[in-house]
Amino acid sequence: MLASQNNSNNEVLTNDGIPLKKKLSKSLFKSRLRAFGLVTPLLLLISLGFVFPILVFLTRGVYNDTFEKYMINLTPILAEWDGKTEPTEEMFEALVLDLVALKKSKNIGKVASRMNRELSGSRSLFTSSARKAKNLESPFKESLIQVKKKWGNLDTWRAMKVTSNSLTPVFLASALDMKYTADGTIVQKPEERRIHIKLFVRTLEISLIVVIAGLILGYPVAFLLASLPIRISNLLLILVLLPFWTSLLVRTTAWIAMLQGQGVLNDMFVVFGIATDEDRFTLIYNKAGTLISMTHILLPFMILPIYSVMKTIPPSYVRAAKSMGATSWTAFWRIYFPQTIPGIGAGAILVFILAISFYITPALIGGQDGTMISNFIDYHMRKSLNWSLAAAMGGVLLVIVLFLYWIYDRVVGIDNMKLG
Amino acid sequence: MLTINRVKVDLNVENNSFVRFQNVQKSYDGEVLVVKDLNLDIPKGEFLTMLGPSGSGKTTCLMMLAGFETATHGIISLNGNPINNIPPHKRGIGMVFQNYALFPHMTVSENLSFPLEVRGLTKTTREDKVRWALDMVQMSEFGNRRPAQLSGGQQQRIALARSLVFEPDLVLMDEPLGALDKQLREHMQYEIKHLHERLGVTVVYVTHDQSEALTMSDKVAVFNDGVIQQLASPPDLYERPENAFVAQFIGENNKIIAEVIEIKNSIISARTSKGNIIKGKKVNCGDIGSKTTLSIRPERINVGVKSENTSEAEILELIYIGDHIRCRMLVEGDKDFIVKVPNSSKIMNLKIGQKAKVSWSINDCRALDTLGE
Amino acid sequence: MKFLNLIAVTVSALMVATVATAGSITVVSWGGAYTKSQVEAYHKPWAKKTGNTVVSEDYSGGLAEVKAQVESGNVTWDVVDVELSDALQGCDEGILEVIDPSTLPAAPDGTPATDDFMDGALQECAVGNIVWSTIYAYDKTKFDTAPTTMADFFDVEKFPGKRGMRKLGKAMLEMALMGDGVPASEVYDLLNTPAGVDRAFAKLDTIKDHVVWWEAGAQPPQLLADGEVTMTIVWNGRIFNAIAAEGQPFGLVWDGQVYDLDLFVIPKGSKNREAALDFIRFSTDTKRLADQASWINYGPVRNSSIPMIGTYHSDSSINMVDHMPTTEAALKNALQNDFMFWADNGEELNERFNAWLAK
């Protein structure tokens, strides 16, 4: 009872009566502060330069205030409107007011682009009407419909009502091949316009095949590397790592030279009589080409974790199994293989995550049925400029990946993963 | 004329030879022989230890016996049958590895069950045998643990149980106690010895720890440089080393280099560099005029003139051990001459720097080869 | 004088090396043979005249980068070469500077610029420079009889082999209808109806299995050269370059061409607005536009430039005027890209086009 005392709560106290826990955390505080200070620059960089922009961008997938921001008169009235009754003169007047203002401030294009995504053909409806809006006189309903008949359509107004909501599920719905309508229901898009689900499925399928192919090709290589003498295995390891020192673009282009109709591989097939000169294999600009080149490019990511795990398995395990009467196969399958599973898990998840977001290779080699979801996110980022849809698709992809992580954690266990 | 260089296989094994090495040689690189012409017979039920410094070829011999290395030349037979071409899993030899090699992804029971499973035994038989083996090493409580949840000593017992669970006639142990601390190691030595006595299996044990070898074995084969230097029981090995290497390697040993000047009835006389004449038993020394290593155990030396051989000494260091005093002296020019003086009242007379006489009997002084000197 | 020139060149080289300074503008264009023609005809003479330097950058079209620069307030591009639809959309969205056409130089005969430029070449925020065309080209060595019409492109029985096409709805749908026998003048009327769109996709369906899709303008001549395709949709300047400069055995067909304009724009907030304006005025005068035509067969948008078009810069036997998309023969069955149509329907049609591709 000299060094420590117990108070009524059974807490251990130090000599001066302060709870031990408190004292301990106080004495650790300084070293913790120093440790935190060391990681602060990286933490700041990651949160400000990586996490924050991603979060901000992802919000675009559910939030787009273009309409609300510029159509200041019409937006509140549209919120009252039930979406079924005939639009009133008041609504038309507000619309004309907004069009005039937008033409003046040169923001009409922004609203027109946003509207056109909701209802095809709205761009010219807005831009041409805005040009004439200044000279319109009341009653605005008649005069505006005279300018463009489409203003009389209920669908136009419903589309505006949908667009006027800044916080909106339209982009998420669109990323899943669905359409959010004015009355709040979500319906499937017509068959000939459904594409995203197909692409998500294909992306997962391609990634999965790449993982499996990488495993089949990479496991024996890793095994060879791990069992050879260190001098030879280091040399072979350099060969495995060699592709890392070549740009991804160069490797992809090299595969084009290999796989194309007049390429090296097909020339060899012709020489060996596997294909005729006129009827060569189509190995590129399709799914096969994407799979072949992606498997090659991602193979090191499969081999290295498996190799590093294999290297830590002493040969005595297999010897022990054999001494107990196990055949080589049994010793491998029951003893060696289970111990390499952490490496397989790490390699598989690494390759899968890289594959699911692969972009350059499918863009160059994918052709029509070998492109992946990332190519479409890129398309909406750079070509169609529909950043909201791109954000929504990215968000869906993120959710899918997190879901797969969760499944992986449940089945294999995330802590059962080893990178070396 | 064609000469076929063949080793004669004696298939009529003498009834006490269970494991037999005949003219076995092994080379990894085709240039150096790590095992040079090994001949060894191990009777059934014997506990034989292969003892030697690292690189002496003892582990290689064990691995050849287990089947993980192939003999470059010669024949290894088990129970009268050559096993050179039999794969390890068909040899039916139990083995305990240096780091136990317990399968980390299996529980203790599964580890023990594995050799029975690959033999196709039924589930109930397996369970019975696993229980028996766990009881044997007093680990019945631990069947559901994983190896990583066990202490080193517990892992060691499981490894032992696993090598015995399928009741092999021969068990090989490759430095199984190397990773344990001293106290646990000594404890396990007795346990292994008792298990061996109880089960009557033949054990071939590899270690570089001579006290371990002396404690446990029926016979010890001392290896050096790919050759068995001496094969003998522990007392013989200690009392009657046949060459300088064994004398040095087993236990503590004082050596005096001297020149042989007379040989008579297997007693030699030799002159030291100080001109002193010392007599000893002729064991492994050359003819008159050659150098010899005179080997004397420290506990066989008396302070004062009591035996045939005497020499001048100066006390350099005294270490109090308890039951005896370790006394380092300068004798015949050797500053590391150790004498163990039994703890009795007269030790009070010993002082550092004191000049004294030491003596030892002819029988305790063995004239051996000069090891590379 | 020569010595002074040398100093000027050295100094300007140094200025390029030390990033953009006040006397330097960044001009962004589509790369390859096209950018080279602009460098030769516009950049070099303008730099020589004003002492400023021109940094040339490549991009692959679209307003994404311009939009990003303007919205972030860090505008590093001063002049951008864009397609007509982008010029209009960018102007509507307020991310481009307004350019007053009355400040542009008049033709040598005194005709004011506003009358000298082609219809549509002068926009509120953009000044046209060339007419370019999407056509198809073929490998002469692969066919005994040369294809002559758009219908031949879609006829894989008569003209076997793979086809290269652009992975975008624009121009491909129009060409599909023309290949199905629709005259150029009726194409957009038809495409405005659902039945017309269905008909275009049905026509594309007939050759879908034979198509290699390309995205960058440099790809199709390469596809032809590699033997990956026997015919490909291609931009006329690129294929002319492959034929004239590289001597490839390619032929091209003007029937069913879809032509379009390229225009210069200035991103809003450009730090070198005055210099950029000066560059545009200089580059779009009669002489420079005619000069450019001797480097690549994209047609000048000024009527006054056409009589001044000379021969190919490295081969005086090639009379450039014969290779322009705007010759009478080339325009026999030609279609001008309807930017309004694509501005309104581009998203929906491209979405359907992509869905069709993935099917």
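Residue numbering begins at 1 within each chain, and the chains themselves are lettered A, B and C in the order written.
Convention: a residue touches a chain if its C-beta (ideal position, glycine included) is under 8 Å from a C-beta of that chain, and two chains touch if they have at least 3 such contacts.
Predicted model, so just to flag it, every value in this text is computed and none were measured.
**Student:** Can you give the shortest number of steps from chain B to chain C, where adjacent chains in the path must touch?
**Tutor:** Tracing touching chains, the least step count from chain B to chain C comes to 2.
**Student:** So which has more C-beta pairs touching, A-C or A-B?
**Tutor:** Result: the pair with more contacts is A-C.
**Student:** Which integer distance in Å separates the CA centroid of chain B from that of chain C?
**Tutor:** Each chain reduced to its C-alpha mean, chain B and chain C end up 89 Å apart.
**Student:** Which integer distance in Å separates the CA centroid of chain A from that of chain B?
**Tutor:** Taking the mean C-alpha position of each chain, the two centres sit 65 Å apart.
**Student:** Can you check how far apart chain A and chain C are, centre to centre, with Cα atoms defining each centre and the answer in Å?
**Tutor:** The computed centroid separation for chain A versus chain C comes out at 33 Å.
**Student:** Would you please write down the residue numbers of chain A that are in contact with two or more other chains?
**Tutor:** Counting only residues that touch two or more other chains, chain A contributes none.
**Student:** In the complex of these two chains, what residues of chain C are touching chain A?
**Tutor:** 62-64, 67, 89-94, 162, 167-168, 201, 208, 211-213, 215, 226-228, 340, 343-348, 350-352, 354-358
**Student:** Considering only the defined contacts, which chain A positions touch chain B in the complex?
**Tutor:** The touching residues are 314, 316-317, 319-328, 330-331, 334-335, 338-339.
**Student:** Taking the complex as given, what residues does chain B use to touch chain A?
**Tutor:** My answer: residues 66-68, 87-95, 97-99, 101, 103-105, 114-115, 118-119, 162-163, 166, 172.
**Student:** In their complex, what parts of chain A are in touch with chain C?
**Tutor:** 105-110, 112-113, 116-117, 120-125, 127, 192-195, 198-199, 202, 260-262, 285, 363, 367-369, 371, 376, 379, 381-386
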